[in-house]
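Two complexes follow with chain A in common, the first pairing it with chain B and the second with chain C.
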Partner chain A sequence: MIQLLLLPAALLIALVFGIPLIRYCWLSVHANSVVTGLVAIPNHGANWLRLFNDERFWQDSAQTARFAFVSVSLELLLALAIALLLDQRWRGRGVVRAITLLPWALPTTVMALGWRWIFNTPYGPIEQLAVLFRLPPLNILSNPDITWLATVVGDVWKTTPFVALILLAGLQTIPNDLYEAFYLEGGNPRAAFFKVTLPLLQPYLLLGLLFRLAQAFGVFDLIQVMTGGGPASSTESLALYAYLNAMRFLDFGYSATVMIGSFLLLVFICLFSWLVIYQTRHLRGVFK
Partner chain B sequence: MIRTRKLWITALLLWSLAPLLWQVYTSFCSNESLLHTLTDHQSRWTLENYRQVLTANPPFWRYLLNSALVGITSTGLTLLIAIPAAYSLVKVPRNVARGAKLFLLGAALFPYVLLFLALLELARNLNLGNNLLALSFPYTALSMPLAVLLLSSAFRDLPSELEEAARVEGLGLWQRLRWVLIPLIAPATASTAILVFLFSWNEYPIALTWISSADLLTLPVAIARIAGSSVYSIPYGAYAAATVLGALPLLLLVIIFQRQIVSGLTQGAIKG
Partner chain C sequence: MSLILENISRRIGRDWIVRHLQLEVAEGECLALLGPSGCGKSSTLRLIAGLDQPNEGRIYINGKDVTSVSPVNRRIGMVFQSYALFPHLTVAENLALGLRVRKISANDQYQRVASVLALMQLEDQANQRPAQLSGGQRQRVALARALLRDPLIYLLDEPMSNLDAQLREDLRPELRRLILKDGQPVVYVTHDQHEAMAMAHRIGVMRGGQIEQVGTPQELYHQPTSIFVASFIGRPQINLLPAESGIITAIRPEDLKLCTQGLSCQLIHREWLGTSQLWLLESSRGPLRIITTGDTSIPNDIQLTWLPEKEHKFDASSGLRCN
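Now for the complex of A and B:
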């Protein structure tokens, strides 16, 4: 009887998560585009063959993975520092915590456009500073080699507070007695950090890593508004490519294929990073 | 020690606020002075940007209103469905609950942007496009996994004797929920509500594809549209004014509900 209360929630989730995934699998083995008059015609895996030979898909995969790994690593490091700072007791901590949260609470698109202005050539502050210091123009948003770094900055700025809060929650579960005992045994703060804090924080670091990796891999809002995937597709993410396939090229069959492909890659990357972490943990045990 | 801490705090504040303060600064600059943002300029200060944004068609507060409407309906719907579900998740056998939680965690982790195409088809088939209230349907569903996880961990924390006592007193299931259990999980409910509201307020890809009529745009889409208007001649002054106006409600929200947001995220991290 009580289980019936689960039904509406389960139905909603099945409808919004389940049906799309089934629909994508079906679409991915059909041609459904402007060419076919938006009618689905079975095409015997032609979409998948195209995906494997699609250089743009693989380039976007590499770019998305690069973006995700670099921003998530930076976020974890910065968030750890912020969490350690916010975990200490000092006057005005509440206010600082609220301000730290602010970037995370703002809509991504709002600050994506903000970053575009900040990195603008030649009028944005970064370029103006470059002029003041008599540096050559940086052309941050029009140089395919460095634009992705600007998107990393935007992502790190926005999502670090979120990771910091997860780590802060972890820090607060570590009992003070442990540190006291450690210091009584003659340990110093640096050793306490590596021998007490980090090991006990590990589950939270993993949670933050997994959560952020999945989100960063599906990055869309930031890229679409900040760079539109350019210059020369150098910042295009997989989600943006799937979006362009559907909304600009009106090729729904292939768009669905790109989405399943991205999802499979994401699962693969999550498993891979989990394995790497698991392995290094073993190695550390061996060296002890 | 204290001094280095102060240094770190200053760095943290600067990092969090500088990009926003730059937007505030830009929003008060006249268009001509934006060509020389860091050097002296006569007639720099102006309210023209704000006037322009607030008298545009539709005026900017319209988008704030739209976002608020979607946010409130999605939050209400989510709580209405998630609270009973979270309660029953505590009552089902342990292994079922564990399976359900893993499933919910997976759904919460899923990069939902990948769902947009199928959801767009759904909107077309059910005629839900260009309808603000209809947006709360996908938003409710997408918030559901996290909401159920947070709320069920709150229900689990309540001592079971409490509900037992209420049952002995002769209260039915509905009465127990209404008078005993739901009031007790109010803090978790508040946290969940804020997180769902923030998600709905900020959501972009679905709002982008479901809504095309200019009067019905939500804030994130309206702002992105300014970006799409032209690559080279974005009205940055007016845009910065829009950013500031769009950020103000959230600034208030974060300041007022800071405690709930923190506890919501941290509870989720500890028990989710």
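Now for the complex of A and C:
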């Protein structure tokens, strides 16, 4: 039975992924809070009913989705440009490749603190620039309309290198022959980008998109350190809300419901993006 | 139609990849560039295609100097070793891509692709992707693309190296017919001497970025101008006898004959090849290879002789022919 060799891996996945997931599903249909004396009591879907009527949950969903889509789109665009640049041969490319990866190697909490300082009012460099140009104070981290953009900047800065690395690996799988054949046929570099590079890079773009979408949708540490979800919950993410329910309100049952709810949303979003891209590949409208 | 390379050299850093190359390919002629890997044969092909620029020398296609002409304007039909088919496009789309970027009308595109698909017997594969094709079919698609280019010359870079041995032999006559049918000069790069002999009118043997000898397969075999060519062409390899007063004598294995009074040898190993057999012998003048007929039995006392006119003599220091 050669399949037995898969058992250790299967067990590991069951332990670190399956069991917590089942446990949370179970917990999401129980009341388990300070009120119940931290004992799980079945409450017949009352948690789920509460979730559907919880405005804060839906607002956080919208905020999280906005954060995820905007930062992942920016990351893909920037990373594509960086990957194309790093794929060319030029002097000092190796050094620049190493430097590009640095933001990604930095712990999120450390770099989030850095960004918090950069956006700090009134001492941060951004506010200092505003003073220099005689602008009114920007109050970036205390204005509910724009604070989320600051978190997007932090996320893009941190994870663009990761996407660039995936795309660079993808670019290097494209044989040079294909470009040469294309040029012999009369193609120019611009056409080569749209007719050779982009279509062949598509699986890597998709990979980067799904990886990053899943990560950005579950964002926690960056928001927690940079804004704590504020001001006025305007940057609160779903993960942060689930954390608050468990650790501040000590409502473990409802926290599990928020967790499973956002998990289902994420699965839906990933499937949807994958389907959209998979379909366009067959329509061939985008890359042709 | 003709192709002329005049004193072509290319250097990467300090190394000369191609050096002082002179070559002329006439209308309807197929010239094979043959040599071990790293000898500069593929580099020469890239220079002709315009994918690389020579540091010295000029290239003429049909009498026109194209040295500084871009690859696309040289009108080259090239078959790459990897075939360089676009994996995300179907066979028909692969073939149409070039026509489309050259702004040929949709109607013309369709007709030309359809006719080349018919010519190459690829109609059933028109809507398949390269990954779904066999090695032989991929090669035909690559060749079809070159034909569609309506080229002034054909360049083929090891077009058979991704195919298995039987298929290679089967495809040779058809490939030769297709590339020669319109009379364009053909440059065919290979490291396989059998393929070079089967495909080409003339062969240029390359070594260290230079052409060692150009000639018909018969000339290369019977009148090699250097030890390198003598040992590179012909299998089993030519016998090299140790130098005597600065002259190396070489003799082909099939020119050695058994006799009763000659060079005495011991049998080391015997390979039976069907109609012939190869004996590896040890003699007072070093190891020797001899080809005998398949039914020859091994005598108790092996004595060898050969006709003096079958000897090739080379200068030991320069390696050049001296008889």
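Keep this in mind: the second predicted complex is superposed on the first by the 268 of 288 C-alpha atoms of A that agree within 3 Å, B and C clash if a C-alpha of one lies under 4 Å from a C-alpha of the other, contacts with A are read in each partner's own complex, and residues count from 1 in each chain.
Everything that follows uses one rule, which is that a contact is a pair of C-beta atoms (placed from the backbone, for glycine too) under 8 Å apart; a residue touches a chain by one contact, two chains touch by 3 or more.
Note that this is a predicted model, so its numbers are computed, not measured.
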Three-chain arrangement built on chain A, chain B and chain C clash or fit: fit
Chain touching more of chain A, residue-wise (chain B, chain C): B
Touching partner for A:Ser71 - first (chain B), second (chain C), both, neither: neither
First, second, both or neither for A:Ser33, with chain B first and chain C second: neither
Partner chain in contact with A:Gln128 - chain B first, chain C second, else both or neither: first
First, second, both or neither for A:Gln63, with chain B first and chain C second: neither
Touching partner for A:Thr159 - first (chain B), second (chain C), both, neither: neither
Where chain B and chain C come nearest after superposition, their Cα distance in Å: 16
Touching both chain C and chain B, counted on chain A across the two superposed complexes: none
Chain A to chain C touching residues, read off their complex: 175, 177-178, 180-187, 191, 195-196, 199-200, 202
Chain A residues within the chain B interface of the complex: 2-6, 8-10, 12-13, 15-17, 19-21, 23-24, 81-82, 85, 88, 90, 94, 96-103, 105-118, 120, 123-125, 128-129, 132, 157, 161-162, 165-166, 168-170, 172-173, 204, 207, 210-211, 214-215, 217-218, 220-221, 224-225, 228, 239, 242-243, 246-247, 252, 255-256, 259, 262-263, 266
Interface residues, chain C side, partner chain A - complex: 49, 51, 71-72, 76, 78, 80-82, 84, 86-88, 97-98, 101-102, 145, 149
Interface residues, chain B side, partner chain A - complex: 5, 8-9, 12-13, 15-17, 19-20, 22-23, 26, 34-39, 81-82, 84-85, 87-89, 91-92, 100, 104, 107, 109-122, 138, 140-142, 144-145, 148, 173, 198, 201-202, 204-205, 209, 219-221, 223-224, 226-227, 231, 234, 236, 239-240, 243, 246-247, 250-251, 253-255, 258, 261-262, 265-267, 269-270
